[in-house]
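Labels A, B, C and D are assigned to the chains in the order they are written; within every chain, residues are numbered from 1.
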Amino acid sequence: MSMPLPSIAEAGEALAARYRRIRRRSLDLCRPLAPEDMTVQSMPDASPAKWHLAHVTWFFERFVLQPNSPGYRIFNEAYDHLFNSYYYTVGQMHLRPQRGLISRPTVAEVMDYRNHVDHAMVPLCEAADDATRFLVTLGLHHEQQHQELLLTDIKHMLAQNPMFPAYDEAAAQASDTQTGLHWIGFPGGLQEIGAEAGDGFVFDNETPRHRVWLEEFELANRPVSHGEYQEFIEDGGYATADLWLSDGWSAVQSGDWRRPLYWQEDDQHLFTLGGIKAIDRDAPVCHLSYYEADAYARWAGARLPTEAEWEIAARQQPAGGNFAESGWFHPRGGDTPGLQQCFGDTWEWTASAYAPYPGFKPLAGSLGEYNGKFMCSQMVLRGGSCVSPGDHLRASYRNFFYPHQRWQFSGLRLARSVP
Amino acid sequence: MSMPLPSIAEAGEALAARYRRIRRRSLDLCRPLAPEDMTVQSMPDASPAKWHLAHVTWFFERFVLQPNSPGYRIFNEAYDHLFNSYYYTVGQMHLRPQRGLISRPTVAEVMDYRNHVDHAMVPLCEAADDATRFLVTLGLHHEQQHQELLLTDIKHMLAQNPMFPAYDEAAAQASDTQTGLHWIGFPGGLQEIGAEAGDGFVFDNETPRHRVWLEEFELANRPVSHGEYQEFIEDGGYATADLWLSDGWSAVQSGDWRRPLYWQEDDQHLFTLGGIKAIDRDAPVCHLSYYEADAYARWAGARLPTEAEWEIAARQQPAGGNFAESGWFHPRGGDTPGLQQCFGDTWEWTASAYAPYPGFKPLAGSLGEYNGKFMCSQMVLRGGSCVSPGDHLRASYRNFFYPHQRWQFSGLRLARSVP
Amino acid sequence: MSMPLPSIAEAGEALAARYRRIRRRSLDLCRPLAPEDMTVQSMPDASPAKWHLAHVTWFFERFVLQPNSPGYRIFNEAYDHLFNSYYYTVGQMHLRPQRGLISRPTVAEVMDYRNHVDHAMVPLCEAADDATRFLVTLGLHHEQQHQELLLTDIKHMLAQNPMFPAYDEAAAQASDTQTGLHWIGFPGGLQEIGAEAGDGFVFDNETPRHRVWLEEFELANRPVSHGEYQEFIEDGGYATADLWLSDGWSAVQSGDWRRPLYWQEDDQHLFTLGGIKAIDRDAPVCHLSYYEADAYARWAGARLPTEAEWEIAARQQPAGGNFAESGWFHPRGGDTPGLQQCFGDTWEWTASAYAPYPGFKPLAGSLGEYNGKFMCSQMVLRGGSCVSPGDHLRASYRNFFYPHQRWQFSGLRLARSVP
Amino acid sequence: MSMPLPSIAEAGEALAARYRRIRRRSLDLCRPLAPEDMTVQSMPDASPAKWHLAHVTWFFERFVLQPNSPGYRIFNEAYDHLFNSYYYTVGQMHLRPQRGLISRPTVAEVMDYRNHVDHAMVPLCEAADDATRFLVTLGLHHEQQHQELLLTDIKHMLAQNPMFPAYDEAAAQASDTQTGLHWIGFPGGLQEIGAEAGDGFVFDNETPRHRVWLEEFELANRPVSHGEYQEFIEDGGYATADLWLSDGWSAVQSGDWRRPLYWQEDDQHLFTLGGIKAIDRDAPVCHLSYYEADAYARWAGARLPTEAEWEIAARQQPAGGNFAESGWFHPRGGDTPGLQQCFGDTWEWTASAYAPYPGFKPLAGSLGEYNGKFMCSQMVLRGGSCVSPGDHLRASYRNFFYPHQRWQFSGLRLARSVP
């Protein structure tokens, strides 16, 4: 019932080099952080930076080295419990909301763990067979996902501090001018979405490629901007019940939501990874829940795109954009012609619940827990953000979060049906 | 942006008769109940029977009489607050979890309220124009929905009592023999689902009729039975993490789920509206959450149908079955040829998240809050149950609940893709 | 280790008459109530009126009839679980917060239960030996305590209803004029408090009589009035942290307390058992938590009396006052000379934590759970209130509640030390 | 209404030396800790080590330097919010349960803060007038209290880690032999307790000295041992409802208590600051809640002493014992003649609720919030523990915690009345 491991065509040496590069990148991202910063868990949804660094390492140890590297010595038996995220078929794990209660291993001990695993991984990469190459590649994409989460979680953690310390003073500088908003039409008909055979690495949830029927539709050329969102606020958006889904209105009431996460009460400043900054009206708005994205779209007389609509439109675009590599760590305005900023800047909420594609088969074994078991009550986001690694994304990539969650760099692009 | 009121072709006298019949039915359902039974709210999801009787009356008063019956005297101004369920555009309502804290109005006072409203409604029905006829019809379908909820909520309330009193000793007697399970194939292709123009009364969420692409699929001829579900339990279904969605496994752990709601710890008896009874292995299993239905399907090597698959299959069947009119108030086995028990017995969880159909427009005004604002985080159920009014259902009817909810008469029918 | 049952000198016929009178009084108090009113539990601290009526009956059945009436037929075995309040040595009881989920037995069935037990109790009273006479007397004082709780709980339940229905329209009419406040001095020295041998019925927690050392002190001639408390509010009492105990300030913040329970937002009206009334500035303030009483006393430059101070002062006064028998059900002003209103009107919070008197021995057996096990984290109140039965109180009587609780008729009298 | 500052006769140089010594001791206690250890808050009752170090420094800055050191430059304005514990008259503070969410200031920055304040404090100590000397002394006792809390909180934090790391491998080595338990009698009569004028530094809550009446009583010569407590467990102590206070039994049920905090499930090992160790049957039991201490005493046919009994007995003993200076950080058995181990090893729960002594006046100004506002719902403990600084204690010293709290080194000594 489960999907066989797809093969990855990459020479061992190239794989080892990529392994080293991506592993090093995780450490680079932690360079501005003190051990104290790397220990705190600011909410159950987030994890300490230290935990991210250890968990991705455990992933290689548990799923690559243990089955494929005879003689590999496990670094610490206790880590199987501490750094397993959610793989119940591996065993019972340390409870997620308690990740911030664990001061040991220290950051230095986690570094030792990383070195120990890297020491075994690099030769394995160089000599890997097809199946192992896939596992390593999966592990590297996994690590890249956690690089994004690490930045997302650090931002949330620093925001709990009334002193609002910056992660990097150089981040989130003044932005470019934004293009005006206009609509771009797309034809309907029987289409195919999902990853194609031979696409290179993809996650199981992007498969199988399958047919969908779409009616003609239009997408906005760019994401909704801060300035446009301010108009929604000024127009009483957060006080108008009939703009909101029922669950969204409950969240507005119980959470006393009056503005996006990280905005300050003056509606003119917001917290960024560069500290408190003036809100740039031209830059795409982010840190919205699905409820806010949906309410904004209703207010604007539009709707969110489905993931099929989004994918069909975006796969005609180059997958470039404002990613983590820019060091900007904040969305910025853009003014390229046509459909712009599909990739990078902000994840875009779609109107699609995260569900298995018809004929979906999860990976075999414990890795089948990676994606499939979350296919309920979450919504799909597309495109990647300013804290995503740039070489990790593609048009068929499906991100997913619960509709109330706001701490991701999540914004929206408007869509509408053609009557 | 919203849907105009569809017209209902029914003579005024027939409408008045239907009004009287359906209103009387609500009271008949309360006949076995003492005022004490009608006052208790057993959980925030449920409402007191007394509240149901008053709320459906308020619906007629607020949405039919007030705008359409000049000179109508409001029975009690306070009821606008007490008996508004969730229409924020009407005003702020009494909090749902506090419905059981309100001893007044008493049942007798609610009966006076009903009489007062009926006294004004009957002449209005007789002389109604098109728009009013629609509103009355909507109100009657609304009341029928609450007739089902009333039974569902009473069952839940009585089940909290360690003495397990029966609602009706005559309910849930011994059942028929169940057919064996076999698969029935359906072709794929471009299909249409949703209510057609001229279908008579439908809810806004069933519209518009629209095209979907389906691959070939198979459905089980009948719902999963108690006996089959007992095998899942005996096989360790509730202790096997990888059968479950992540949220489902959390629910199993936090709720200490070991069996369907209302089953006794011996796994041989269950609470019914007729009191504690031996489990009838032949009857369809119900009171499952979506998580349980999904886990069972995975265990069985199958899946849940999408709502499109279900609708296409079921609309070829007559909409008959074991409904509330039978007085049975419990699913029972069946053995008709072909696809059986699509309607009645148990609601069937589908794999489809409750979402707007492409081009969906809610009803205009406050009635737009009826269905549309719930289109997030809930799953669609189809077909109706043994406590649904029989003349209230159709193949395009969409019911929806959160995946963790179990107190509805909710079961499942297996589906599978054709490779 | 436990206290033997004290003997009660009362002829059997007198006891039977008293039994009938007190039992009838419970029903009289329910006369204004519908079955719906008697079923609702408005919070875990409160119980449905129906539950009170059944529980006090169970107390006689379980502790008097079962051990002393051979051949007595238990009315319903399930009631041992449903109507046990907190006697763990008897068995596990139905959870307190779920008392309002139980619609059966209905009020009518509870009346049958009462009749069944009364039918056996009356002959037993007539022929009772010493030990049984004590148990019956204990049971009657127990029922009187629940008569007060019944009124207290009904008030709380009706107050949840936005229509604020009255329990009795005749209650809480205009009050008398209140005397001015002045201080009355009491000498210090070695004193005795607690119930004396031969005092007639007392609860175990009032014993043993024992010596205490007191310094000279003064008490206010009367309780604090509504008008005086309004001055505290107007002076910013609820916004001044340093007037409050730490736990009290937390309660003010988390509960958003701005005024006593049942006061309306205008600070000019309050809910009474007679419905919404204008606040009578002359009447004693009540429905205060300990925290509020303590903060008021600090604001007034005084303190609360200890229970020893209170008892020594009050036992010189006749135990008369405004009790439930007046039908007033609300505190009212008084102007008798000397120390007034020690009994009735409002319970008076003391500065004393509820603790065992030196040498305290609880009653033997399950009845030892009656009082002793609550001797932690609660504060002593003295004197009785306008909803207490008048013949149930005495100077040595110790009532006790948690410092955050406000739904009792609890006020305060100021005390001060003599420098 | 408040107490004037008492004078402290100590030469400026001696005070400065003591300041340096006590401040250095705080750092010494942190020597075994990594920055990660010093950042985590394991529960709302506990604080990060880093916070303790900063808070005690803020205490000097805010209450000593700001009012008394003209020209003192505040280190960081934000710290007034972050490191205020509970002084509402100073301003609104950072919420206690969120102390562990604050990664900045880092440990290194806190050290800078300490140095900055010390740099101003030392000259101030040398030249201090009477009032300032008192404030400095209060600040040093305050810091000593936090030295104990720091160890207590670190123990709790390390215990959350499934690897159970030791704070100091050398701690909690094998203990001495314990004396047998016997009773020592004390006469009753009119006694005085509380601190005497000229006692040197005392907290306001130890005053005024006042008369109390006591009946003759007996105390056990030593605290209850682990071995004795194991007998209570083996005898079903945690399963016998009538041994427990009502609130205690609730805590047993809701917390699933089966043994003292830090005991392992085998009832043979426990977590110490030296890691997991075999339970030493001879050493005093600790990490008991008041409920457990009370239940044990009831099971043993005894009771807890009142704080007056304890003080009268203990003040005849030298205030020596097993304190933090021993580096043992764990209770150990003793066998000195007479009343032993009154000081050190474990705090001893008393039967006395924490309340103001008759005539109590808190310190003037914000420092009045230090002790007085906690005089409700907490129980008094006496004597100090193996993690208390030895020169910080005296017979009149009153410690206080809520009855459910277990993370302090809290045990008990039995008492009984003489019939």
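The rule is simple: contacts are C-beta pairs under 8 Å (C-beta built on N, C-alpha and C of every residue); 3 or more make two chains touch, one makes a residue touch a chain.
Note that the structure is predicted; figures quoted are calculated from it, not measured.
K.L.:
Tell me which chains count as touching both subunit B and subunit C.
P.N.:
none
K.L.:
Can you tell me which chain lies farthest from subunit B, using the average of the Cα atoms as each chain's centre?
P.N.:
D
K.L.:
Calculate how many whole Å lie between the centre of subunit A and the centre of subunit D, each centre taken as the average of the chain's C-alpha atoms.
P.N.:
Inter-chain centre distance comes to 47 Å.
K.L.:
Rounded to the nearest whole Å, what is the centre-to-centre distance of subunit A and subunit B, using the mean of the C-alpha atoms as each centre?
P.N.:
Using C-alpha averages as centres, the distance is 37 Å.
K.L.:
How many Å are there between the centre of subunit A and the centre of subunit C, using C-alpha atoms for each centre?
P.N.:
The answer is 59 Å.
K.L.:
For subunit B, what residues touch not just one other chain but two or more?
P.N.:
None at all.
K.L.:
Which pairs of chains touch each other in this structure?
P.N.:
A-B, A-D, B-C, C-D
K.L.:
Across the complex, what residues on subunit A touch subunit D?
P.N.:
My answer: residues 34-40, 42, 50, 78, 81-82, 94, 98, 100-104, 106-108, 157-158, 160-163, 165.
K.L.:
Tell me, which parts of subunit D touch subunit C in their complex?
P.N.:
1, 86, 88-89, 190, 210-213, 215, 241-242, 244-249, 290-291, 294, 301, 351-353, 355-356, 358-359, 368-369, 373-377, 379, 403, 417
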